[in-house]
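Next, two complexes with chain A in common: one pairs it with chain B, the other with chain C.
The block that comes next holds the complex of A and B.
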């Protein structure tokens, strides 16, 4: 059958079935392109959940700076993001309520929440509502082991943190030529602290660490006074003090160790907040110099990291561009990138595009 | 763990307990005289801590010398609060008073939050890292200063109520308000003075606590609760009871932290509270109603 046989009319310009099919397909494609483009042009509404008040306020505000400082950079890179900020008040229940509120108010994606307990609470809301949730910082293993479909994390789990941190201990011992035989572990008793404790206990024999933990002391991260904890640690007479802290308690611990004249080979954290924060150095002055922390860090040699650091220093000359800033910026970037590639604000499309960036880039330790 | 270790733990508990006791004194004074339970107690202390913080950062006055100034400021605040607001609710039922003071607490917290933001603030003194060594005993210098000042303030308060005319008149109002009116005492004014004195005690405690803990707006609820535990343990309305309650809480936290687990130490304060409520509901030094 010739094409002409299917002509509607010999006298008019004719359209063949094949041409019609091709034209229809092209039309559909053409029609879909502006639509996708128009959807991508709608900015991503990113619900940012961070502990900007309460006992984690100082770290939460550092994370918030990381979320906001990157926006001009992201705009230059062709991303379109609007932040919808909410304060979790360092309280998982408040975090859950704020997440529900942000979703009701039109957030397409969520990002946060720094602490594991609140992050777990918000993950539950994200799963229930089918809204993608990018974790900036939280190491609770359950977040990625529980089978959540909408939760994405670009931060090491407690096991990874512990392993990376403990391996760096060996480097420190090799570099200093001093190896302790015993250690006392002081740790917070929240979700993060308990997950780290589990990781450390499991990894110590596996990694064949040269010292044994003779005493483990748990305490409330909101504690006003840590004198008893430090007295108990001192009584253990261990060579090394290991700490899993937040910021305020890290300051209290070190201050109390100075007052109680605790003598130790070193204070080394296997991977926890506190000892790298600007506030820690401000509050403790010269005493901060005697503490070491092994934490994941953004790669400072990368161009994007250099730009971020420059932008940050210009905007916040009094603050430090630390891992809270770096990982939070990266979480916003992941969300923005998923939105750009999905070309849509649809949660399913965003989830599909957020997945390829997971798992995270190689763990980088920093002491 | 040897004897020296326990001596150090007990001395730290005692010193902290004395400051706790001073904090609770204000609550006890106000309840003892006016039968008003001050739910804004912790919030007033946070105001005092911020006032001491400002005096240190802006004028370089450290918290102990700033104590009379802050106590005076809180006295005026308490006096005016009683005169202008609380006095109108003295005849109201207890739950109305509770709601009034709870509302006041929420308002104070939010004003502090608006003015100072959510950041924790602290002050750094040379003494913050120093301690006294008495043989094997190591005493935290800041705690020693705070505890001795707390003891001094408690003595002054006792002397005021025992030996001054105004103090005697206030005690008369507490014992028999109707009788006090009959003999011509200005009960409303004396109540306002009492509330001022209670607030001044809170102000003094706030100055001393700033030496020990960081201040932030949400600290208030923790200290209101702690204040209640202490005064219920010692006996509501009893000055000696407040100090004793503070020492007991300080000691129980210290010893339970060492013998059981530091993360469970607060639980023992509540355990002690339940025990006292079961065995002696009026508190250790409280009078039976």
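The block that comes next holds the complex of A and C.
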């Protein structure tokens, strides 16, 4: 018999109140350990809300691929996640009811929703129900300025996107040895475009950019004809064209610039969708090569990013592993990691741990 | 015949009692769907006053939804004005907009599809205006602050649980139903129907066509804007591109068209059918696992309903239930 056993045995005969309390506490702790471990072994039920149909369907489906492609990787890393998928139909009202449905069906956490309006609607539900909600992509600054307790965002806000994008301009100028003196800014006038405009206007003087914006032209992202906007941009005779776009208008814009033979040093977006999308390259062919966009991207030198890209290319050879895929994968990873560290599916515990503690398959600016 | 012996009244009271008890058994998901049904029915009834009763085709009713929503929302955000006070401002602005549209349309004999185009034009340029109006957040949107305590219901400030919103929506729908019924049974209701059936004949009989049609537009605008206030406080965020959109205008009238234009129950039945169809197809689409299949099936179902029951579902159901004869 070991010494420990002897002492334990001895203590039985002369147990004091303090020892009893300590033993009870130790017993309770020991009893709780298997329970805690059992709870941690219960997979996280993650409600995934994405616009897989409607006008944002292409992007929503790309995000969905990002959520699903990483599951085997996460399993190998010791995470335990089950996805509960729901289509928001690019409609905030549908997003809200689907969020309620997922919670009713047992979702421990929510993730989504790409567009800010739906994300805000779902945030309201998450807040009311006390269910943690990880935002995969949505840049509206107010999302994290509303005082929500259960909403976590990994994606940069519009201001951060603008700053990161503008700083990369200097790198481009240094690499090419060409520095423009003037620029014209063409931007969409929806919530994202206006937030970006505000960020760019505020940051231009602070970042001491080497060029000035001589003309700012706003347009409707649903526009079918941008000939007047491009004519105005051409008339400004600026060295550089800056763009804040969505996908369809980005294609329209570049086509019109080719048609009107706009001569410029370059077309560079400070951070917006459109010019990195596969559809953009498919639609414009060689003309897509003359456009540059500065967006958050995964660091291709990281092991996790390499594995993700490899897995993605194998599963979807026709699609591109872009930021929609990457940030959605990352959001799932954040949720899974919160669950692992919390050791339970309790919303409070998950909320306490749902912080992006990673320098993750680290997303950083990429041109 | 007393109210209790009237089969139609019994049916209605039974339905109302059932609806009042729903929150006792339903979860928030079901409540959320029922709120959608009720608000769609309410907005459908609002549009029905103008189109169903008076025969004036509006395809831009999102204008009044948006004006009400922004008036209620912006006054609350900037001055803390309770939504019920904001609703008065919203209704006033909507009535003003309706006056301009009605005057332009009716004075210059803009009728039928051309009048519909006029209403679309107003909704669209109001959207563009709000897209650039900084005080209401422009295209970046207007966000209503969330309630400090989401579980505490505050009816005066419209901050609270799904159950509270459900009862508010139910109250608004019941009130709109009785109001529509009362209008139809009064002289103005008969004037509207006369104009709807044959404007020239109504004019020849001495009805002041301009004034009568204007009343329909103004009542419809005011009712619709109240629905907008509800939506603003329920959704907590407003974007011009969605609140004033053509899509919303169509969504708003679809239930009434499916249910039966010009009937009292039509907008309610249409809202129930459309929402049930939408939810059913969402579940089906999730099982099938093909994105967008819901929208295709939804479109096919709508076409089938319109081909098989061009007058709407309620007139057909009414005869099946043996409720014909005055039950609209």
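What we mean here is this: the second predicted complex is superposed on the first by the 332 of 367 C-alpha atoms of A that agree within 3 Å, B and C clash if a C-alpha of one lies under 4 Å from a C-alpha of the other, contacts with A are read in each partner's own complex, and residues count from 1 in each chain.
Going forward, a contact is a pair of C-beta atoms (placed from the backbone, for glycine too) under 8 Å apart; a residue touches a chain by one contact, two chains touch by 3 or more.
Values in this document were obtained by computation on a predicted structure and should not be read as measured data.
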Overlay on chain A: chain C relative to chain B, clash or fit: clash
Which superposed partner A:189 touches (first chain B, second chain C, both, neither): both
Which superposed partner A:224 touches (first chain B, second chain C, both, neither): first
Partner chain in contact with A:255 - chain B first, chain C second, else both or neither: first
Partner chain(s) touched by A:235 [first = chain B, second = chain C, both, neither]: first
Partner chain in contact with A:331 - chain B first, chain C second, else both or neither: neither
Partner chain(s) touched by A:93 [first = chain B, second = chain C, both, neither]: second
Contacts of A:49 with chain B and chain C, given as first, second, both or neither: neither
Touching partner for A:61 - first (chain B), second (chain C), both, neither: both
Touching partner for A:124 - first (chain B), second (chain C), both, neither: second
Touching both chain B and chain C, residues of chain A: 52-54, 57, 61, 87, 89, 189
Residue ranges of chain A touching chain B (in the complex, touch as defined): 52-55, 57-58, 61, 87, 89, 189, 217-220, 222-229, 231-232, 235, 248, 251, 255, 258-261, 283, 285, 287
Touching residues (chain side chain C, partner chain A) in the complex: 27-29, 32-33, 36, 131-132, 138-141, 143, 145-146, 150-151, 161-162, 235-237, 239, 241-242, 279, 282, 285-286, 291-292, 294-295
Complex contact set, residues of chain B against chain A: 1, 5, 8-9, 12-13, 16, 113, 118-120, 122, 124, 128-131, 133, 138, 140-141, 212-214, 216-218, 222, 253-254, 257-258, 261-263, 265-266
Contact set on chain A toward chain C in their complex: 52-54, 57, 60-61, 85-87, 89, 92-94, 96-98, 100-101, 103-104, 116-117, 120-121, 124, 127-129, 140, 142, 146-148, 189-191, 193-195, 198
